[in-house]
Structures are given as C-alpha cells and as structure tokens.
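Shared between the two complexes below is subunit A, which has subunit B as its partner in the first and subunit C in the second.
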Partner chain A sequence: MTVRRALLPGALLVLLAVWPWVAPRYFVFLASVVLVNAIVALGLNLLSGYTNQLSFGHAGFFAIGAYTAAVLTLRAPGVPVLVTLAVAGALTALVGLAFGVPCLRLGGLYLTMATLAFGFVIAEILLNLDTLTNGADGLRVPPARLGALAFATDTSRYYLTAAVATVLVAAAVNLVGTRTGRAFLAIRESEIAAQASGVPVAAYKTLAFGLSAFYTGVAGGLFAFVVGFLSPDAFDVFLSVDFVVMIIVGGLGSVPGSILGATIVTVLHDGLAAFQNYRPLIFGAILIACMLFMPGGVTAAWSRVARR
Partner chain B sequence: MHFVFCLVTVALALGAAAPAAAQQGVTDTEIVLGCSNSFSGPLAYTGEQATRFGVDLYFKALNDAGGVNGRKVRTVYYDDGYKPQEAVANTRKLVEQDKIFAVIAPQGTPPVMATLEYLEENRVPLLFPFQGSPVIRGKKYVFSGMTLYDRQSRMMIDYLVGPRKLKSFGVLYQDDDYGKAFLAAFEKDLARHALKLTATESVKRGVTDVSAQMAKLRAAAPQAVFLVLTPGPGAQALKERQKIGWNDVVMVSSGPLTDEKYLALAGDASEGVEGLSLWPDPVTSDLPGMKTYREAMQKHFGKNEPNRYSLSGYFAAMLFTEGARRAGKNLTRETLVSALEGINGFQSGILPPVSIGADHETQRQGFWVRVEQGRFKQLTDWLKSD
Partner chain C sequence: MTTAALVHVVVSGLATGSIYALMALSLVIIYNATRTLNFAQGEMLMVSTFVAWAAQRALGLPLPVTLVVAVAAAGLMGWLVERVVIRRAIGATHWDVLIITLGLSLMLRAGAGIAWTHDEFPFPSFFGTRPLALGPVRLAPVSLGIIAASLGLMAMLYALFTWTRLGRAMRAVAQNQRAARLMGISVERVYSRAWMLAAMVGAVAGVLVAPVVFLSSKMGLIVINGFTAAVIGGFGSMPGAVAGGMLLGVVENLAPLYLPSGIRYSVPFLVLTAILLVRPAGLLGRVEQRKV
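Up next, the complex of A and B:
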C-alpha cells in the first residue's frame, strides 16, 4: 500500500524533472505558470478548503508578493532569489495576518465581500504608489539571481518554480497531519464543535489567513520572474475568481485537488487565449456545474469512481 | 535540492547554446503574422478594428490579388484585454507555438512594453505597434507605427506658438507613460520658445471624473489646454468645460485622442475643439488610398463603418507588404528589416510619401483640425516634425 501511495507522487516528480526536455519551449513556460497557480491554489485551499473562509481577494495577496519580489530585485539585485521569495511570502503573510484579524468577525457572504474589497484596494494602492510600483506603466522585472546564477531562460525559471513548488507542496501535505492541520479541519466541520474541543478558533483562523497569504505571496514572487513584467491591470477580480475556480474544480481541502485544479484552469485559460470575452462565462459555467454535479471537485469524483 | 541546481546549470548551458530558429513563419506560399491585442477590456473596440477590420482587410484584398511574391498572408490574434501578463503569454504562444514570422499592430503601451525585451531577444520583428511612446526607438527589430509622442508635441507647440501666437498652456494628462511622455516633450518644446507650462493636472488611468482638475486648470487661466487622455475622460473634460462655462480657452487633443469615438462621447461639448490628426478623415477624405480603403471595407465588411483604428491597421499591413515585396523571394527577418529600412518615398495614397530609414520611424507628421458640426475640419496641410 505504501509503495502504491508513493508511486504517483514519484512519477509526478520524475515528470516534473524531465518536462523541459520532452516539451516544446512554450509548454515549459506554461508549466511554470501552472506551478505558480498550483501554489496559489494550495494557499487558497488552506484558507477556504480547510477553515472554510472563502476568499475572492487572493489576486491582492498575489500582487503584493509579485511587487515585493520585483521591487526587491530592482533595488537590491544581489539578494539571492530564495531570500527574495521568502521576503515576498513573509510580507504578504503579515498583510494576511493583519487582514485576517478583522475578518474573524465576518462569516459567509460578508467575509467574501471583505476579501473582494481587499483585492480592489490592493490594485488601487499599486496604481497610486508610483514611486515604488511605477503605477500604470508597469514594472519590468530583472531575472532572479542566486549567486552567480541568473535565471534568464525558460528552463531555468521552470526549475526554480518547480523546486519551490515541490517544497511548498510537501509542506502542505505534512501540515494536514499536524495539530494545526487537524485544528483547521475541525474549524471547517464546525466552529462551535472545534471551540468546544479546546481549539482556539480565532487564533487558527488568523493563522490560516497568514499561511494562505504566505503561499500566495511566494507564488506572486515566482510569477514576477516567470512573466517578467508587472502592471496593476494584471491583478483584477477575475484573477481572484480564477483562483477560486481552481480549488473548486480541483477539490476543496485537497492538496492533489489544488494542483489538478490549477492545471485544468491554466491550460483551459491558455486554450481560450483568443476568446477572453467568453472566459468569465465559461469559467462561471464550470463553477456552477462543479458545485451541482461534482461537489468536492475532480478529486472527490475520482475517488468515488475508484471506490466502485 | 542539489540535484535540481545541477539541472538548472545544465539547462542554462543548453539554453545559451540553442540557436534561434531562422525564418519561421514563411513558406513559399504563406507568411504568418500575428499579435496580442485588446479584444475585450477598455480598448476592445480599437483592437478589434485595427486587426480584424484593418490588418485583415488589407490582407484579404492582397490575398485575393495573389499575395506578395506568391505568398498569401495569414494572421493569428490572441486577446490580452490590455493586461501585460496576458500579452506576454500570448506573444510567446504566437512565436513559439504558432510560429509567426513577425508581430504586427499590437496595441497599448503596457502590453507592448511587456513583450519588447522578449521579442528583441528572439529577434522577432515588432511592426507598427499602435502606441507612440519614444521608448521603442533605436531597437533593431522594432518599427514604430503612430507618430511618436515627442514629434507630436513638437508639431503642436510649434503650430500654436507660431502661427496661432498662443503663450500660456495647461495640460490635463493621463498619469502613465502616454501622458508623461507628452508632458516631458511639451516642457522641452516650450523651452525652445522660452515658455513654460502654466498648469499641469493628471488623471489616473480608468478614472472618468475630471471636475477637480478642470477647476484647477481654469484657476490658472491658460490660453490653451492640451488633453492627453483616452476617449472616456477626454470627453468628460470637454463636458466639464461646457458645464463650468469656461469659454475663453482652446482645448487641444493629442494625436491618439483625436478620433471619432471621443467626439461621439462628448456630443455638442466637442464643438470648437482642436487637435492634431494623424490620419486623413476616414469617411470624407478623397485621397486615392482612402477611396481604395473604403471600397475594400464596403466589399469585405459592408456593415463596418470606416474609422481611424481600422485605417491604422490597414496602413500597417500595407507597409508590411511593401517591405515583404522589396525583400523579395528570400524573405527572412533580416531581409525584411533591411527592406523596410530601404523604403524611400513610398506612395500609400493615405499619408504623405513614407521614408523609413535607420531610425525605424514610419510616421512623422500630422495636421491640425478643428471640430465643426461634429466632424474634424482640416485647418493646415501636413505639419512637419523634423
């Protein structure tokens, strides 16, 4: 059983390692975007899937991470990329914690509204903080560096993204089994029951916000390097909705689901490159269909099929 | 972790050694061009008109007549909704998956800037983008489309200070590359006449309420106010001026703003507005090239009104075709670049004779217009910016 369990992740890791050698150049870039989105989906899932707080503002956290990494790389080119990403994640986490505290009082629809507003506010701040973000003109991001190594090619950026994603996925998988992970799940099932069992609900809900923001911030930093150009226009509400679609399609509260959802949505998004107009319509339809016919997303549907 | 870094190093070495594929997108019978443009978002109309009703309009007529040197032209477009990160992904898809020969007529300063470095690195020609920021000057594979903003400023200032004898100027500009490029150029050109800007006010992109800015500009009482905006806020500024009854001022629109959409939005508030026009009137001009353009539009897209955006795409396609024709049977990115550089006195029947040369600027002129009964009336001949 344990051998079989290790089989799929092992195969995925091998695929991850050889991908740039088997795939055409564009798909190496696309895979980097998939990995970035998978990290965001994981982060969002920690919040929405595990503690049941749905966020429509993750584009905001994503933007903070992206701009932090970009500005840091521009101002201090010598900083190693891993430090840059850690700073991007940490700063985003701080914002997440600060935002999570007032959100404790909010539930359901009101929380969603607050996160939605958060996304708008961040985009507006980026637009108006000209001296740092270059406003509407956008910011060109120089290649990430690690000592003498510059991540200037698609393949190198891909490996950077893949390495960071692997570490973060492993961390998320392990988290679920810890006291914190169990506390998150208890909160999802019932806040009152969790409280009655001695779980400090407020602390864990805030922690979930911070953790989720950390993941999203790191992903934002990677995004800045993968795409190479940032502008406030990139981080609109549709991006937040895309993130939510990823975890709902993939499966709420599931690590493989996050990765699968991110892959499906990113590839679909790419396939629809000529029809952005219809994208919200198509993604909206998918979202509704998933909620009606496939609660728990692709992963839950798959395990139902597998059980039969 | 160590393993991954080994892989990274190997990958870097491989990446450095891999030569760029040459002459992709050209066969004996076909040339593939493309661009990422706005088909949704704030500039969807402009993007759609410039590409599907402009570039494609010219190529339809060209392909019907047998193409260029026996090759027909096919175009591929993707939608970026004016988002730079989508423009990057789309452009990479075009170059790496659709294997286009060159990028033609993309739109908007941020999306174009976001792809600039990638295209130069991969030696993909970027032809005639619909934006005029001087930043794109001096790049080997980039040819500008629209008359660059510093040239526009020079013509506007020289005309207003010279023949029109105006002395004090205010500016209402969009707070981005577009607005700031104009602002810097205005200051420089006024300094040549020993003048200064009396008042400057900025508008954030996407904001439409400009009443506070207009009030401040009025307090400074300049004789003329330059509007360096997009159609929405531009029209709003005109309505605001009408509302506060500020009549003793000449409102002057920048080249990209001087279009029919802006007039339509402003309604009767646009009467008397002046501006720099970069294109002949698409509906009324009787230049030979303009007649051909309207006939083609009537034939292929009978329901679509002729307009400046589709005209700009149509002209871009025409210029590409002239370059490809001169490059001859051996069409590569290098021969295209030198062929375009060699264009001298090309008669388009739309703009004055086009000479490109080493600076890669395809347009350097504009003429003065004033709005009379809802249409632009030409006041001067083509103005020069050299």
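Up next, the complex of A and C:
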C-alpha cells in the first residue's frame, strides 16, 4: 500500500528531474512558471480552501515577494538566493499577518472586497515607490546567486524553482497531519464546531493568512528570477483572479488540486496565445464548460470517477 | 477653493456615483435572488451599449429608441445567459458559479472586441454641453441629467419591488428561498427575471455613462466600482447600494483636489477599508447570524 501511495509522487519527482533533458528550452521556462503558480495556488488554497477566506488580492502578496527579492538582489548582490527567498517570504508573511487581523471581522463578499482593495493599493504603492521599484519603467532582475553558482540559464532557474516547489509541496502535504493542519481542517468543516471544540479559530485564521502570504511571497521571489523583469502592471487584478481560477478549477482545499489547477490555467494561457483575439473567448468557454461538467473542480470530478 | 467650484465637483461626483449605484443595484438584484456574484455584469452593460450603438449607426435611430434597444438587448441577454448557462449550475457551489460568470465576462469582452474592435468610440448624449449657471455655480447638464435619470430608475425599481407581484416574489426569494418555493413562488422564474432586470438596469447605466467615458470594450471594468459601492453600502441592501455608490463617486471626485496624485486611485479602497473596519457588513448591511 505504501509503495503504491508513493508511486505517483515518485513518478512526478522523476519527471520533474528529467524535464529539462526531454523538453525544448521554451517548455523548461514554461514549467518554471507552472511551478511558481503552483506554489501560489497552494498558498491561496491554504487560506481559501481550508479557512474559507477567498482572496482576490494575492497578486499583491505575489508582487511584494517579487519586488523584495529583486530589490534585495540588486542592493546586496552577495546574498545567497535561498536567503533572498526566505526574506521575500517572511516579509510577505508579515504583511499577510498584519492584513489578516482586520480581515477576521469580515466574511464572504466583504473579505473578497477587502482583499481586492489590498491588491489595488499594493499595485499603486509599487508604482509610486519609484526609488525602490523604478515605477512604471520596471525593474530588471539580476540572476540569483548561491555562492559561486549563478542561476543564469532557463534550466538552472528551473531546477531552483523545482527544488523550492518540492519542499513547499511536501510541507503542505505534511501540514495536514500536524496540529495546525487539523485545526485548518476543522475550521473548513465548520467554524462554529471548531470553535466549540476549543480550536482558537481567530488565531488559526490569521496564521492561515500569514502562511498563505509566505508561500505567495516565496513564489513571487522565484517569479522575479524566472522572468527577470518586473513591472507593476504585471500584478493587476486579473492575476489575482487567475490565482482564484486555479484553485477553484483544480479543487478547493486540495494539494493535488492546486498543482493541477495551476498547470491547467498556465498551460491554457500559454497554449491559447496563438489565437490572439480569440484567446479570452476560448479560455472563458473552457472555464464555463469546466465548471458545468466538473462541479467542484478537477479533483472532485476525479474522485467521483474513481469511486465508480 | 471656492464653494461654487466645490459644488461643481460634488455634483459631478454624484453623477459618477449614480452610475456606480446603478451598477451596484444590478449586482445586488442578482445576488439577492440567486446568491451569485455576477462577474459579467460590467461586460453585459458594455455589450448592450455596443448593440444599441451599432443599431443606432446602422438605422439612424433617435436617441430614446437607442435606449430602448439597449434595454431590450440587455433583457434578452440576461434571459439567455440565465437560461443557457446559469440554470444548469443550480445546486453548484457559488464558487463554481463565480468562475462561470468570470468565464462569461471574458467571452463577452473578447466577443465585443472581435465584433467592434477594442477601440474607443464616441457615444451620442441625451444632454447638451452648455453649462447651466445657478448664480456663481456652474453645473454640467450631463451630470444633472445622469443624476435625474438614475434617480428616476431607482424610483421605478423601488415601485417594482414594493408594489408588484414580481417584486414581492423577488423579495420573498431573497429572504428565504425554500419558504418562497413552499408558498408557490416559482424560484426559477425569479432567477430568470432577476438576471433580466439586472441586465436592463445595467444597460441604462451604460447608455448614460458611455457619452462621458467613451464606448469601449474596457467599459465593463466599471463592475469593480459597482462592487465596491455595493460592499460599502452593505451587500444585499438596495438603499445601501445607492448610498455606497454616491459616497464612492463623491470621494473619488474630491480626493484629487486635496491629496497628492500618487494615492489618488487608492482612495476609494482606503475609504472602503476604513468603513469595513468600523462596520464589517457595510453602512446599511446587517451582520448575518450564523447558525449551526
């Protein structure tokens, strides 16, 4: 049983490791973007899937992480990339915690609106902090460094992203078995029942905000290195919406769902680029079809099929 | 700044606010009936305005007829969307329906771009351009016209919800869907009518605002302001939607006068956040009691 359970993750790991050897260079880059988005989706799912706080502002957290990593690398070129990513994650987590506290009072659409507003305000701040962010002109990000190693090629950046993503996915999977994970699950099932059973709901909901922001901040840092160029308009509300689409299409509250959703949305966006004007038309139609025929997302549909 | 200039700014703020209020009302109408947030509301407004504009150019229609065309097109679109897509998702979670309306909005915007390009077009206005002078105060007829027309439409909505069978049925469904069904109200019919009504309110807002902001496929983004307005007022409350819209419009127009340009666009959201901190369910909303 344990062997069979390890089969799929093992196969995925092998695929992850050999991908740059079998795929053309562009698809190595695309895979890095998929992995970055998967980390965000995972972080967002911790928040939305488990503690029912749907955020339309994760592009804001993503941007904080990306700019922190970029500015840190520019100002202090000697800092190893893992430290840079940790700082990006930690700073974003702090913002997330600070933002999560007032959000505790808000539910449903009010929270959605507050997070939407957060995203707008962050984009505006980035545009105006031009001494740090270079404003609308954008910021060129130098390659990440780890000691003597410079991540200057698509393949090396891919491996960096893949390694970080693997660690974060493993952490998310194992989280479910910890006290925090059980608290999140309890809150997902029923906030009131969780509260009645002695779970400090407010503390865990705030923690979820911080944790989610941490994941998104780290992903933002990786994104900065993967694409090499940041500009504030890349972090608009549509990006936040895309993140939400990823977790709903994939499946709320599910780790494989987050990864699947991120893959589907990223690959679709990329694959439909050739259709130019027709791209959003096709993408929209696919979204509608997806939700009509697979309510609850891909993972829910999969488990229905598997049960049959 | 003189009082006269201040009055001018506040009045144009109220005009912007009226449009936001109409947008917020159309969101609330659908939300109350179906518990769905309609992401595509702005795009529906945009498409019905485009249809009216195309008809006006092709047939040389007078402006009032153009308005009728916009409203009719919107009604048809609302009916179609509900019938063809949304009704199939009855029983789905509202996250699923949210993504469906998001897909709709992408499709409508792309469709409009394909049919009419993504350029901006001038749209004829009901109102003249010569400012009205009231003593020292100069007011744009467009602002006054938008405010008057919106207030008229709001009065009609009030009458509809208060005195007609349909309005009562919609309020009943909003209060308790199961009880409404047990009382013999066809919930499906209410769903359908809510989508039509919301689309029609949006179409009026579209025809009113298009001369001011130009007609373009990006016009649908106004849904974000409408959503902000509805949340400020308390989502689900119709007077709240109107109050929220007006407040948002005035704040948005006043802010550039007193604040540095850097934070101008953040002001509505800062106001919103401040209001939500004090009143987590908006100005006129009630905090929902959760039961196990």
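Simple rule for what comes next: the second predicted complex is superposed on the first by the 287 of 308 C-alpha atoms of A that agree within 3 Å, B and C clash if a C-alpha of one lies under 4 Å from a C-alpha of the other, contacts with A are read in each partner's own complex, and residues count from 1 in each chain.
The definition used in the following text is that a contact is a pair of C-beta atoms (placed from the backbone, for glycine too) under 8 Å apart; a residue touches a chain by one contact, two chains touch by 3 or more.
Here the structure is a predicted model, which means the values were calculated and not measured.
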Partner chain(s) touched by A:Pro200 [first = subunit B, second = subunit C, both, neither]: neither
Partner chain(s) touched by A:Asn277 [first = subunit B, second = subunit C, both, neither]: both
Touched partner set for A:Phe120, first subunit B, second subunit C, both or neither: second
First (subunit B), second (subunit C), both or neither touched by A:Gly10: neither
Touched partner set for A:Arg105, first subunit B, second subunit C, both or neither: second
Partner chain(s) touched by A:Asn128 [first = subunit B, second = subunit C, both, neither]: both
Subunit B versus subunit C as contact partner of A:Pro80, first or second or both or neither: neither
Contacts of A:Leu160 with subunit B and subunit C, given as first, second, both or neither: first
Set of subunit A residues, in rising order, touched by both subunit B and subunit C: 128, 277
Subunit B residues within the subunit A interface of the complex: 1, 4-5, 7-9, 11-12, 14-16, 39-41, 44, 77-86, 88-90, 92-93, 96-97, 109-110, 113-114, 117-118, 174-177, 180, 204-206
Interface residues, subunit A side, partner subunit B - complex: 17, 20, 24-26, 29-30, 33, 127-128, 130, 135-138, 140, 149, 151-156, 158-160, 162-163, 223, 227-231, 233-234, 236, 270, 273-277
Of all residues in subunit C, those that touch subunit A in their complex: 37, 85, 88-89, 92-93, 95-100, 102-107, 109-111, 113-114, 224, 227-228, 231, 235, 262-263, 265-266, 269-270, 272-273, 276-277, 280-282, 288, 290, 292
Residues of subunit A touching subunit C in the complex: 54, 102, 105-110, 112-114, 116-118, 120-121, 124-125, 128, 190-193, 237, 241, 244-245, 248-249, 252, 277-281, 283-288, 290-292, 295-296
